[in-house]
Amino acid sequence: MSQGLRSTVLHLMPICVLLVLCFVLPAYHRDNFARILVLATYAMGYNMLFGYTGLLSLGHALFFGAGMYGMGLAVLHGGLPAAPAFLAGVATAAVVSLVIAALALRTVGVAFMIVTLMFAQAGYLLVLYFGSWTRGDEGFVIARDMRNIGGFDLTDPVTRYLAALALFSVVLLTIARMVHGAFGHVLVGIRENEARARMLGYDVRAHKLAAAVVSGTIAGAAGAAYGLLFGYVGATFISVQYSIYPLLWVILGGAGTTLGPLIGTFFMFYLIDWSSGLTSAYMLVAGMVLVLLVLFARTGILGEIRKRWVPWLP
Amino acid sequence: MGPMASIVLETRNLTRVFGGLTAVDHVDFALPKGQIHALIGPNGAGKSTFVGMVAGRIPRTRGEVWFEGEDVTELPAHRRIRRGMAYTFQITAIFSRLTLFDNVALALRTRTPRKVLAALDIVGLADRARQISGDLSYGHQRLLEIAMGVAQAPRLLILDEPTQGLAESEVEDFNALIRRLSVDTTILLIEHNMPVVMALADAITVLETGRVLASGAPAQIQADPLVQEAYLGIA
Amino acid sequence: MDFGPHLLLATFEGAVGAAVLALTALGLSLVFGVMRVVNVAHGEFFMLGAVAAWFAASHLGGHPAIGFVAALIVAPIFAALIAILVDSLVLKRVDYDPEATIVATIGILYIIQQATLMTYGPEARPVAPPFSHRIALPWLEFTENGIEFYYPWGLSVTTYKVFVIAAAASILLAFRLFLSRSRMGLVMQATRIDRETAQAFGIPVGRVYSIVFGVGAGLAALAAVLIVPIQQAHYLMGGDPLLLSFIVVIIGGLGSIRGTVMAALLIGMSDGIISVFFSPTLAKIIATVLVAMVLVHRPQGLYGKKPA
């Protein structure tokens, strides 16, 4: 099997399985899976920058939130229908990620992490500060009758699941293509040895900026979709916790693997779902998983599989 | 073609000051097309800093760099590389967690297997294309690095101590490779290994404490009493 | 209240905040300076100090001062022991890799915070100050009769708050003496300046790191004990001190006590004053964006020197 064919099969398979699951899963789990698909899209965006380019951001909630609020405010104040509002969210995230990345990429390593954290915190506080427009901490609900695209009612559980799957599939296939293409290989080169990549004639800064904007825009698309599909926009989604989540999902599933984000999001979602049934301190689990991963399995689930058994895993 | 057109690389007054130390001190240098030019000098003479400034990897303090008749002083490193320079690091700098194939493909800017394997074949590593490059022996890593430099089909190839860590037989292959390349590539070589320098170089420049001590044909340099005293005498 | 007295009050409140912030940030700066790692869980050691103070105060009967004095001793030791445990179980094992340490301490942050939620609970609990008297402050006014003093309504401070400022100042001075005079302090300094050389001279760097991490956490806990009679103990209270300490450390430079104190004064006072006149949220937005911009324009990073 050629590399391209193998990759296509590898990525189409989970999409088909997820499509079947829509009609097989019990309602509760189907709704969970719809959320997982959107959050995994967010994680895939994060993975673009962290896994492939080697830049650890602690502020991606800002881009997720930019998409969500860009969409939500367009509906709330602009009265825009769902489809253009979604695009407004994506565009907002693209602009925000361009500006923030252009600034933050002047730093490296630990400083990059702190700067992204600080900008995201400033964004979170801005949403609170302009509470009269954003409804601050409480957030706001997207009215049910606004939540449909081209006649498809996004409040219907099956339609919602399929919409989430569609977004997930588009992003997954785009990323899979990119990883096999020139752009993806250059990003990996930059991650592995930035000085060498530069001395092969690659514009490292431009590539990092492009990766950050693609990453932030995908995160924003996920944010806009999350608000639209589940009908709620709130400041929690820009809080530090939502910057830590994608890091956790990606490390767990395997940074720099195409399917790692989905696997990480799936396991963490159910782990937290299960533990929040036991205790209100459900984030304890997230903390423990982070520490254990850093100590024992830095490459995550798919990373370990790739290392041990399947070296060609993209 | 006038005489100026045949100068591939020229530096004027090129200077680098680190803190209070002048590592490279007003170096005027001209490299004619097709030449193999060796840069020698004791440790700390400023050789690596000089070629670093030529390639744009190290910012200059003063002076100019001209490449193929154009002022490239203000260009960032990657733009100079795209104009036809290639640079290999003194300390092996490969993508050590990637395969040899991926390493060379990045240098070639294509993933066409035939071309990648051909580039690897130049240094005799084609049969190891799928290995992770970090697993190679040190000598093979140096060869891979040279292959990456060559793969870019540069018009100016800058090699910073390429034979360091190579075995005797590998050095001979290296010499042969450089001679073959020099047909259409100009080569600037930092080298400690005097037999290699004498075997390859059309011209030699001796740097000492950041200044040009002497410059000329190998025989001339060898005979220069200043050089003998400062450098060759020690060696 | 008029603007003048109001500003005086805001300045005083700012000074209380700055005093506590200086101690907290000093802990972060010390860890950062000696160990070259960012401890994202630093705010949680602060929180542990406050919670430990509540436990001490509520389980020791009698005068509030007894509990307070007990807390001053117990809370820092408790936080330091947990920190040393974290250091040996986690940080040593990731070999203080800067990025891995950040990710690991994010995990530690959640573990400490959520474990506190499970044991101590979600309530905010007050701790009685050991003493608290109101001191009315005079203000002057220009009238036809010349300058007159009067006591504006509401312009008063408590003796406890004055004590907090004095106590923080004394601890800072004592710590400075500890660093410059004591053997342990000098060993820490040596390790900060050059780890390899320190190791070559037989300094047990591993043990120094554990102690530094413990002392850093202890300082945060101590700061929390001082503030908890003014601000209640709560399991989520670690976020703000962490953010503000980051800001202070970035502005003030590393390892320098004077820089940390000056930056803490600047940040604490302006935070206090902007919070009184505008909004605490706005104060934080301004501070965070400013600091992010400082970092952006020092691309060499937090602890890098500008290349020559």
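We call the chains A, B and C, going by the order they appear; numbering starts again at 1 in every chain.
We take it that a contact is a pair of C-beta atoms (placed from the backbone, for glycine too) under 8 Å apart; a residue touches a chain by one contact, two chains touch by 3 or more.
Just so it is clear, the model here is predicted, and its values are computed rather than measured.
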Of all other chains, the one whose Cα centre sits farthest from chain B: C
Per-chain Cα centre nearest the global Cα centre, belonging to chain: A
Which of A-C and A-B has more C-beta pairs touching across its chains: A-C
Centre-of-Cα separation between chain C and chain B, whole angstrom: 53
Where chain A and chain C are represented by their mean Cα positions, the distance between them in whole Å: 34
Rounded Å distance between chain A and chain B, as computed from the means of their C-alpha atoms: 44
Two or more partner chains touched - positions in chain C: none
Contact footprint of chain A on chain C as seen in their complex: 38, 90, 93-94, 98-100, 102-104, 106-111, 113-115, 117-118, 122, 239, 243, 246, 250, 279, 281-282, 284-285, 288-289, 291-293, 295-299, 301-302
Chain A to chain C touching residues, read off their complex: 56, 58, 103-104, 106-111, 113-115, 118-119, 121-122, 125-126, 128-129, 240, 244, 247, 251, 279-284, 286-291, 294-295, 298
Touch list for chain B against partner chain A, complex: 55, 57, 76-79, 81-82, 87, 89, 93-98, 102, 105-107, 109, 111, 148, 152
Footprint of chain B on chain A - complex, ascending: 182, 185-186, 188-189, 192-193, 195-204
